[in-house]
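Both of the next two complexes hold chain A, though its partner changes from chain B to chain C.
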Partner chain A sequence: MEALQTKAKELLAAGTVQVAIGYGKGTGNARRPLFVTKPERAADLIVDAACTQNLATYLTKHEVRVMGRMAVVAVPSTLRSILQLAAEKQIREEQVLALAVIDGQVRELATFEAIEEAVATIPDAMSEADRNMIDKLSAMSVPERRAFWADELVRCVKCYACRASCPMCYCERCTTDVNRPQWIPVASHAVGNLEYHVMRAMHLAGRCVECGTCGKACPVGIPVHLLTIYAEDSVRRQFGQRGGASAKLDYAMSTFKPDDKEEFIR
Partner chain B sequence: MAEPFEPKITAFVCNWCTYAGADLTGTSRIKYQPNVRVIRLPCTGRIDFMMVLKAFTRGSDGVIISGCHPNDCHYTSGNYHARRRWMVFRDLLEFVGIDLERIIFSWVSAAEGAKWADLVNEVTSKVRALGPYRELRQLAAVGID
Partner chain C sequence: MARVGVFVCHCGENIAGTVDVAAVAKAALDMPGVVHAVDYKYMCSDPGQTLLKDAIKEKKLDGVVVAACSPRMHEPTFRRAAEEAGINPFLCEMANLREHCSWVHDKGAATTEKAIDLVRLQVEKVKRDRPLQPIRVPITKKALVLGGGIAGIQAALDIANSGNPVLLVEKSPSIGGHMSQLSETFPTLDCSQCILTPRMVEVARHPLITLYTYSELEKLDGFIGNFKATIRRKARKIDEKLCNGCGVCQQKCPVKKIPDEFNEGLSFRPAIYVPFPQAVPNKPVIDVKNCTYYKTGKCKACEKLCPTKAIRFDQEDIVEVHDVGAVVLATGFKTMPVGNFSEYGYGKLKDVIDGMKFERLASASGPTGGAIRRPSDGKEPQHVVFIACAGSRDRLKGVPYCSKVCCMYTAKHAMLYRHKVHGGQATVFYMDIRSAGKNYDEFVRRAIEEDGVKYVRGRVSRVYEEDGQLVVKGADTLLGAEPVEIRADMVVLATAVQAQNDAEELAQKLHVSYDPYKFFAEAHPKLRPVETNTAGVFLAGACQAPRDIPETVAQASGAAVKVAGLFSQPTLTREPIIAVVDRQPPPVFSSCVGCFLCKSACPYQAIEEEVIKNRNGDVLKVVAKVNPGLCQGCGTCVSTCRTKAIDLEGFSNEQVFAELMCI
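Coming up: the complex of A and B.
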């Protein structure tokens, strides 16, 4: 933690970056995002097991970008997000510097190449709870799964916290905002909620870095991250590609192979 | 007495192959079930997965999605891209508990008028046997009594 604070202080003092995005103290034991612009405030940065939010979300926000070059405290999934944003031309190398926290060590990663190398050495870490949940759901029958999701999604209040917390949901105009046609009903409603969450997962398939931040952001505790993780997993299983592995575009859904399976097409 | 169930089938077809194929079915005077409502789109690549969901919530009992055979796409690769999307979409639909029996994918070329007739007949009888689609529509009706 001290290593990180010192590093952030140095970077800010030297003017290498104008803002350091990290974790600070929140209510109780919770952590909240902290934007440090003055070197002397770098001591407020915290790194511990409670820091799980994917801070890459802020890298595309106009309000943060105008501050100048950004240093971002990056857990492994944040590094993947940076690469995916780079691949989608949403961020340039000179705009961001990653302070990667890997196994308690802080490493400064200034280039996408360095981030790619770091990411390649990190094993996938889907949490055990998520893995168990997906296994449990996969073992259910289709009507059982329908009942499970109907029960969960009925609580959705359409606050779009899942969308707001996601680094990959940066579209200026989301399908949910379109009203001609009204793809997604505005009100919270059983079928609209299902449509919204299916749509979100489809739009993230092949781009999701499986950070699970959307699920943690949900104020009513719907495990929405399972949908995006499942869709991402489906892409990986079927096409062998994944989101956030490279700063060059390698998006499974924008390409194809002539011999993709088609036994379901008659 | 209630009328016997007649399924409503929505068909999303591409302009260049399946629509022309369905046209050929007509000009060849082949008869087929009248349950299908054809929606013509430029390409299978244009068929947004949301359209399929909307078709079901608005009253379809079955959906046919059909376009050019691989390598025949008017836009070179629209059907290949669409195929990838369907692979993931089908997987995801099963995961949220929507069974895939009522969504039928097919390649029907402009020369396959007879195949189109067979496809529609087959799907119509299948959906007729499955009965009306209730799951999504029941959800859609929640709170509207």
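Coming up: the complex of A and C.
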């Protein structure tokens, strides 16, 4: 923790970055995002097991960007988010610097290449609980699975916290906001909710970095991240690549390679 | 409020026999926005079109739906009629009641119900149609001809003589193709080289033809009128400008024993070689696989002795991109290898040869100077058996079709043999004699009646060697399948004509269809025989199907006319059914977020990046932009874009949504 604070302080003092995005103290034991612009405030930064939110979400926000170069405290999925954002031309190398927290160590990663190298060495980090849930869902029959999700999604109030928390949901206008025509119904009813979540999962297939932040953001406790993670998992099985692996990644859903498995075409 | 007219066509009995067309018209009248609906026997006929035009004028229609056949068939017809009546042609839509309904369902209420739904969809669509203006795109008036056999030569000359430049790309070191290897040609027995070489020279000299031999197409992008062809010019290892074709290098090359492709392996060539004396261009290539220098790092004998210092061991392949407006595919054929025939000795019997080898034996420019000598011992064969349909019309060999040229060249071969070996005996085994064509049957009759060739109707079951002779076992089906056994000195197989090995790969590069045997497919078997399904790509010669020289030349000239016709237009008119990326006033500029995931999705490379800057030149936003010249309106980007920033003119999100919601 001290290492991080020192690093952030140095970077801010030297003017290398103008803002450090990290975790600060929230209510109780919770952690909330903290935007540090003055070196002396770097001491407020915290790193511990409670820091799980993917802060890459803020890298595309106009309000943050105008501050200048951003340093972001990065868990592994944050690093992958940066690469995926780069692949989608949403961020340039000179705009960001990652303060990676890997196995308690703080590493400054200033180039996409360095981030790629770091990402390549980090093993898959899906939580035990998520893995179990995915296995459980995969084992279900289609009607069972549909019933499971119908039950979950009926509680969705369309607050869009999942979308707002997701680093890859950076579109200025989401499909849900398009009203000519209104593809996705505005009201939160069973069908409309399903349509929203299926749409979102489709949009994240091949792009989701499996951070789980969307699921944690949901105020009514719907494990929406399982939908996107499952879609991402399918893409990996079919096309052999995962979202956020490289800053030059081709979009799996719009590129064809002769050795694609295409098991879904029968 | 919309004023839509609906016109339901009977298509004779095609639609009316299954669908209650009057009921469809009546139901249409109840659809919101429809002010006029009728049914008529043939909407595409002159009175049918008049009906449509009059109604547009009299009822002041601002949209029409013609419920008839496939839009692929008649959309242009009705759009033209609508335009003539004074409305924008893109305000005319078709409901396909024939292919989508009457042809695929039985007569009944449900079928009529579906027909009504199909009309309802188009009514909803037409109400949301916007007037569109056709797009004009320039044409690059230069043709690419792939393959330098007689087909490619003829096509290139005809296109060039119509005043348009041509890039002729040939894979091997010389143009000429199979025809350059032939001895004499049926049905006139004129010498193949004598009629071909002048044309080869004409190609080389023509100011409008650029000839790239030893080159291949790597990739073709773009579309009709505006293709981009990537060509790999393989390194000959020779500076063609310096080489004067003296041939010293070939004599001095220490490698001597490479089977000569031009002579079908009947003779040998060095590692640096010109494929045949009349080759165009008459410049050698170094066969890198067999050259001593490339294998051991030592030799360079040719370099030392070349008087013009033209040898370039360090020469690399050159990859060039050329803009062309049309492509003629003329890549020819191959014949089935003799090794495919277990019954005829797997190609291991030296004196069992194929037709191409026989051509070389009979050719004055061949390894024997035109004397018929069998390969094993060089003796003059006294009895030659010719087997027609070797592989052709044989499902087990994967070739159910007739190879078309073999009956004729087999007659020619037998005839040539009889002319050259006076006492020799020629026997032909055949299934049927197919000799349709001007002076063709007369030719075969001449072989039988004047030249004494013996024709036996029947198949040969086996050929094997015994006491230095070949034993041919067959049956004469005209004599009640009586077994026949002939002792022959040489056997000539008329092996099946097949598509080139790389035909499928090439077809995929050019996006043209091919048949189950990998021959390139014409757009219509009767009415569009030289066109492919890909606009701007044409076919000539044996790459489309087995064919002889007269047919090949005729088709090549046909393809050339198509190209010349295309090039005679000042610009191409294209349908304005293209994608458009949303634009808005500042500060938003566009709902596009510039992720460019659509860019890789577009199969036609039509998506470009547009940089929006302020007055000071600062970049405000980078957004997608569709190049209207390249976009083919496939809609792939529309479904890829998450923010729905792209829409397709004529098939907008709103239209598709309205169509979905009305049923």
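Going forward, the second predicted complex is superposed on the first by the 257 of 266 C-alpha atoms of A that agree within 3 Å, B and C clash if a C-alpha of one lies under 4 Å from a C-alpha of the other, contacts with A are read in each partner's own complex, and residues count from 1 in each chain.
Here is the rule we use: a contact is a pair of C-beta atoms (placed from the backbone, for glycine too) under 8 Å apart; a residue touches a chain by one contact, two chains touch by 3 or more.
Computed from a predicted structure; not experimentally measured.
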Which of chain B and chain C A:Glu88 touches, first, second, both or neither: second
Partner chain in contact with A:Glu128 - chain B first, chain C second, else both or neither: neither
Partner chain in contact with A:Glu263 - chain B first, chain C second, else both or neither: neither
Which superposed partner A:Trp183 touches (first chain B, second chain C, both, neither): both
First, second, both or neither for A:Asp103, with chain B first and chain C second: neither
First (chain B), second (chain C), both or neither touched by A:Cys171: second
Chain B versus chain C as contact partner of A:Met253, first or second or both or neither: both
Partner contacting more residues of chain A (chain B vs chain C): B
First, second, both or neither for A:Ala147, with chain B first and chain C second: first
Overlap of chain C and chain B interfaces on chain A (superposed complexes): 175, 183, 253-255
Complex interface listing, chain A residues touching chain B: 137-138, 142-150, 175, 183, 189-191, 194-195, 197-199, 201-202, 205-206, 227, 230-231, 234-235, 238-239, 252-258, 260-262, 264-266
Contacting residues of chain A [partner chain C, same complex]: 88-90, 170-175, 178, 180-181, 183, 203, 250-251, 253-255
Interfacial residue positions of chain B with respect to chain A in the complex: 49-50, 53-54, 57, 70-71, 77, 80-81, 83-100, 104-107, 119, 135-136, 139-140, 142-143
Residues of chain C touching chain A in the complex: 588, 591, 593-598, 600-601, 622, 636, 640, 642-645, 653-654, 657-658
